[in-house]
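To start, I am sharing the structure in question, which I have written as C-alpha cells.
Chain IDs A, B, C and D follow the sequence of writing; residue 1 opens each chain.
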Amino acid sequence: MSGAASTGWDRQQMADRLAREFQDGWIVNLGVGLPTLCSNTDIGDRDIVYHAENGVIGYGPVLPPGEEDLHLVNAGGQNVSLQPGAAIVHHADSFGIIRSGRIDVTVMGAYEVSAGGDFANWRLAGAKGGGIGGAMDLAACARRVFLLLEHTTRKGEPRLVARCRLPVTARGVVTLVATNYGLFAPTGEGFAVRELAPGIDLATARAATGAPLLPA
Amino acid sequence: MSGAASTGWDRQQMADRLAREFQDGWIVNLGVGLPTLCSNTDIGDRDIVYHAENGVIGYGPVLPPGEEDLHLVNAGGQNVSLQPGAAIVHHADSFGIIRSGRIDVTVMGAYEVSAGGDFANWRLAGAKGGGIGGAMDLAACARRVFLLLEHTTRKGEPRLVARCRLPVTARGVVTLVATNYGLFAPTGEGFAVRELAPGIDLATARAATGAPLLPA
Amino acid sequence: MARPGKVMQSFAAALADIPDGAVIAFGGFAGPGTPYNLTRALLAQGAKRLTCIANTTGGAQQPRMPDIGMLVENGQVAKVVCSFTAATRPSDVLPFTRFYEAGEVEAELVPQGTLAERLRAAGAGIPAFYTPTAVGTELAEGRETRVINGREYLLEYALPCDVALLRAWRADAAGNLQYRRSQRNFGPLMAMAARLAIVEVEEPILPAGALDPDQIHTPGIFVQRLVAIPPAPEGLWTTRRQERAR
Amino acid sequence: MARPGKVMQSFAAALADIPDGAVIAFGGFAGPGTPYNLTRALLAQGAKRLTCIANTTGGAQQPRMPDIGMLVENGQVAKVVCSFTAATRPSDVLPFTRFYEAGEVEAELVPQGTLAERLRAAGAGIPAFYTPTAVGTELAEGRETRVINGREYLLEYALPCDVALLRAWRADAAGNLQYRRSQRNFGPLMAMAARLAIVEVEEPILPAGALDPDQIHTPGIFVQRLVAIPPAPEGLWTTRRQERAR
C-alpha cells in the first residue's frame, strides 16, 4: 500500500469530488468555510443555481479585490458575482425557499457525523455559545444534506462516528460525506464507502473512523 | 319638527361626515361600496394614506374613463390613481400591515351593527354563500372600525340593533357608525348620538333604531 | 445537457399535463393579475375534479371573461377555496353561487388575509400559524384557538397547491417575474405555494439577466413555465368590460 | 397641520429618545445592511439594559466597526437574540462571546431562518407559527411541538421590537426604501417588526414620488425616521477591513 504517508484529497479536491454529485438543474446552498470551495469547481454544462441564506439566488465566483460589489456577499461574507437570471430576496423569503424544500442540496461543514445521519456543527464541547446561523434550517429542510469535513480532528480523533457526542444540528438527514479520505454515505449501521481518495486504503480509513466502514 | 319628510344625509354627506373624523397622519382602509365615497371627501391639509387590501399603499382619486391605469385598482376594483410616495406590496404583506395594527381606521359597510360593537356584513339571512373578502381581517385588526350604512333596510327595519341576528364579521370592535340619520357610537347598552343629520330628530332616529339611543 | 427552457409556445402546451384532481391557484384581484388566457386554455383542456383557489370565482359583470365560474359550469370543479362565495353586492348573483347553493360544488370560505397567509405559509415551509382573524365568528366554530399574550387566536394551516396560474407584466427566461401595480396581489404567494407555476406574460419574454436582480417580484426558482400573451384578438388583454368601454 | 417629516439631520437626533430597556433590532448580514452609523450613535447615546436582536453581534475581524459587541462592552446590553453567540470558525473569538461565557450578558440563540420568520411574524400580526427547524435538537428540549401531516414541528413566537436600526441604499421622503443587492437581508422584516424604524441611507434622500411604487422594498408606512449618511470620514461607509484593502 502506498497510502501510509498520504492524507488523501486536499481541500479543493474534496470539494470538487462532492460537486461532481450536483445534478443539472439543482439549487445548491453552500455553507461557510470548506463548502464554499464547491463554487470554484468547474461544473461543465450543468445548470446549477447557488443560493445563499442572505437572499442571493444565482451567485457566481468570488470577485478579486478591487472588483467587488460591496453590497453583495454570499453566506460566508465573501464578495461574489451574480449570474444572469439572479434575483435578490429578503431573509424571510430566502428561508422560505429553504423550508419549503426548494434547496436540492445543502453542503455544510461539521464537527461530527453519525452512522445514522445525525450531525453536529454548531457548538463545541464545553462551550456555552455556539454558531447556528442557517445550518439548522438547511439541515432540517433541504432535500439532501451533504457534508464536507476533515476525516479526523487535529488530534486524530474520528469525526465519522457511531453516535454524535456534540449537540446535533439535525438528526438522520445526512446522505453523503466527503472527507480527505474519500466519499462516504451513512447507512444506519456504519458508513458505506463510495470512493477512497488516492493513497487511502480501507484499513487506513477504518482506523480513522469511529463506526463500521462498509465497502461498496 | 321639520324632519318628518327628511331622510337625512345623502350617501356622499354620510361619507363626508365620517371622513371629518380622520386625523392627520392616519392610514385609512376603505371598504367596497359606500366607504369608497370617503376618498372623494376634501381632507384639507390632513395627510391621509389610503391603503387597499390588494397591496396599494397611498392611492388617490378614481380616474375618469380613458385615463385609467388598467394595472391598478383599489379594493373595490375601481381604477384609482397613486399619490406621491405610494408603494405596492403583495397580498400577504398587505394583510401583514392590517394584522399588525397599522391601519388607523377601516371604514366598512354593514348589514347590521349592535350596541356592543358587533357587526355583520358578510352573509345575508338564508344564504349559503357569503362575501368576506378582507372584512374579517380588517375588523379584527384595524385600530378603529367605522361603519357607513343606511339607518334602516329598504323595508324600514333597523340596522342599528341590540344584538346582531346575522353571522358577525367581528365582535365588539365598532366605535363609530355614520348613517343617513347621523353619527352614532356603540356604548354596550345602546348607541350614543354624536350628531343628527339635518331634519332628523331624536324621536325619528329612535323609532328607526333597534337599541336605545343615548343623547350626547 | 441543457434542460428544456421555461418558455413555452402556447397556453395549451403549458397546461397539457395538468391531471384530474389537481389543486390549482388562480392569481388576480378584480382584473389585474387574472390569468384569463390560461383559464381559457384550462376550459379547453378539460381536467376535472379540480380544487380551485382564488380570491373570487369571477365577477358578476357581463360580458364575462374566462373565470372559475365557467370551469364550474363546465363540470371541471369539485371545490373552491376563496374569500367570496357570493358577491359583495347582494343584488349581484355570481354564476358560481348558483351552483354552490344547489350543492353541485363544494366551497371553503376563507378571509382574504388568511387566504393570502395560508398560501404564503405553504410557500415558506410553515405548516400552520395563528391569526386573530375570524375569532368569535361562525368560521371559528368548533376550531382550535389559543390565547397568546391575553388575546385569542385561531389556528390556520398552510394551503399548498399543485399548480399556480398567474399573469405577470414582464419575465426573463430564468422565470423571474415583475408585476405592474396591483397586478402583484396574490401572484408572488401562489408561485411560492405551488409546485408548478405557469405564467402568462404581457411583455415579450426577456433573456436571463435583463431584469435588475433587485427588482424581481417572484424569483425564477418559483416559476416553471412562461407563455407570452399573443396580440389581441388571439390573446386576452383586458377585461371585456374595459374593452367595450374603449 | 403638516406633521414633522421623516428626514432627520443627525444620527444623534434620530436616536435621542430611545429609552433604557428598549428592544432593538439591528439590520445587516456580514457587512451589507449593517447600520454602522446608527450603532456608533447609540454607543454615544448610552441607553442601557437593551435587548439587541441581530443575526450576529459583530465579526471577529480587526479593526472593528461599531457593533453589538461594543454595546455589550459599553455596558448597554442586557440580552442578545441572535443566530451566533460564537463565531463560525472556532479559532475566532467574538468580543461578545467573552462577556457571554462570563455570564455578564444573556443570550437567546435562534436559528437564522427562525429569527427571520419570528421578525416577519411580528410585522405581519402573526403571534406564533410552527417550523420544522431545530426539531430533535437541544434548542427544542422542553418546548412545545406538534405533529402536522406526520411531521414534527416546533412552536415559535413572534419577535416584536421597539426599534429597528437599518441601513438602506435609497429612500424617499415618505420613507420608502430600496436596498441594494444583499443589503436587503433582514431590513424589510425588522422595519415591519418594529414600532420605530430608523434608517441610515446611502444616497441623498429623494422627494416622495421619486421612486417607482413597484420597486419599493420597504414601504414608507413601516419607516419613521431617515438620516442621510454624510461623506467620509464623518460617515461610516464600508467595513474598515474593506477600507484598508482599498
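Note that a residue touches a chain if its C-beta (ideal position, glycine included) is under 8 Å from a C-beta of that chain, and two chains touch if they have at least 3 such contacts.
Since this is a predicted model, take the numbers as computed values, not measurements.
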Most distant chain from chain A, judged by the mean position of its C-alpha atoms: B
Interface with more contacting C-beta pairs, comparing B-D to B-C: B-C
Centre distance in Å when chain B and chain D are each reduced to the mean of their C-alpha atoms: 38
Centroid distance [mean C-alpha coordinates] between chain B and chain A, Å: 57
Distance from chain C to chain B - Cα centre to Cα centre, in angstrom: 28
Multi-chain contact sites of chain A, meaning residues that touch two or more partners: 82, 88-89, 92, 95, 98-99, 141
Two or more partner chains touched - positions in chain D: 117, 120, 124-126, 131-132, 180-181, 184, 213-214, 217
Pairs of chains found to touch, sorted by chain label: A-C, A-D, B-C, B-D, C-D
For the chain D and chain A complex, residues of the former touching the latter: 29-32, 55, 59, 83-90, 94, 97, 100-101, 107, 109-114, 116-117, 119-120, 131-139, 169, 180-189, 217, 238, 242, 245-246
Chain D-touching residues of chain C, taken from the complex the two chains share: 117, 121, 124-132, 146, 148-149, 151, 153, 157, 178-181, 184, 213-215, 217
Residue ranges of chain A touching chain D (in the complex, touch as defined): 32-33, 52-56, 65-66, 68-73, 75-77, 82, 88-92, 94-95, 98-99, 123-124, 127-137, 140-141, 167-171
Partner chain B, residues of chain D touching it in the complex: 1-3, 120, 122-126, 172-176, 192, 207-209, 213-214, 216, 219-222
Chain A - residues contacting chain C, complex: 24-25, 27, 44-47, 49, 51, 57-58, 82-89, 92-93, 95-102, 141
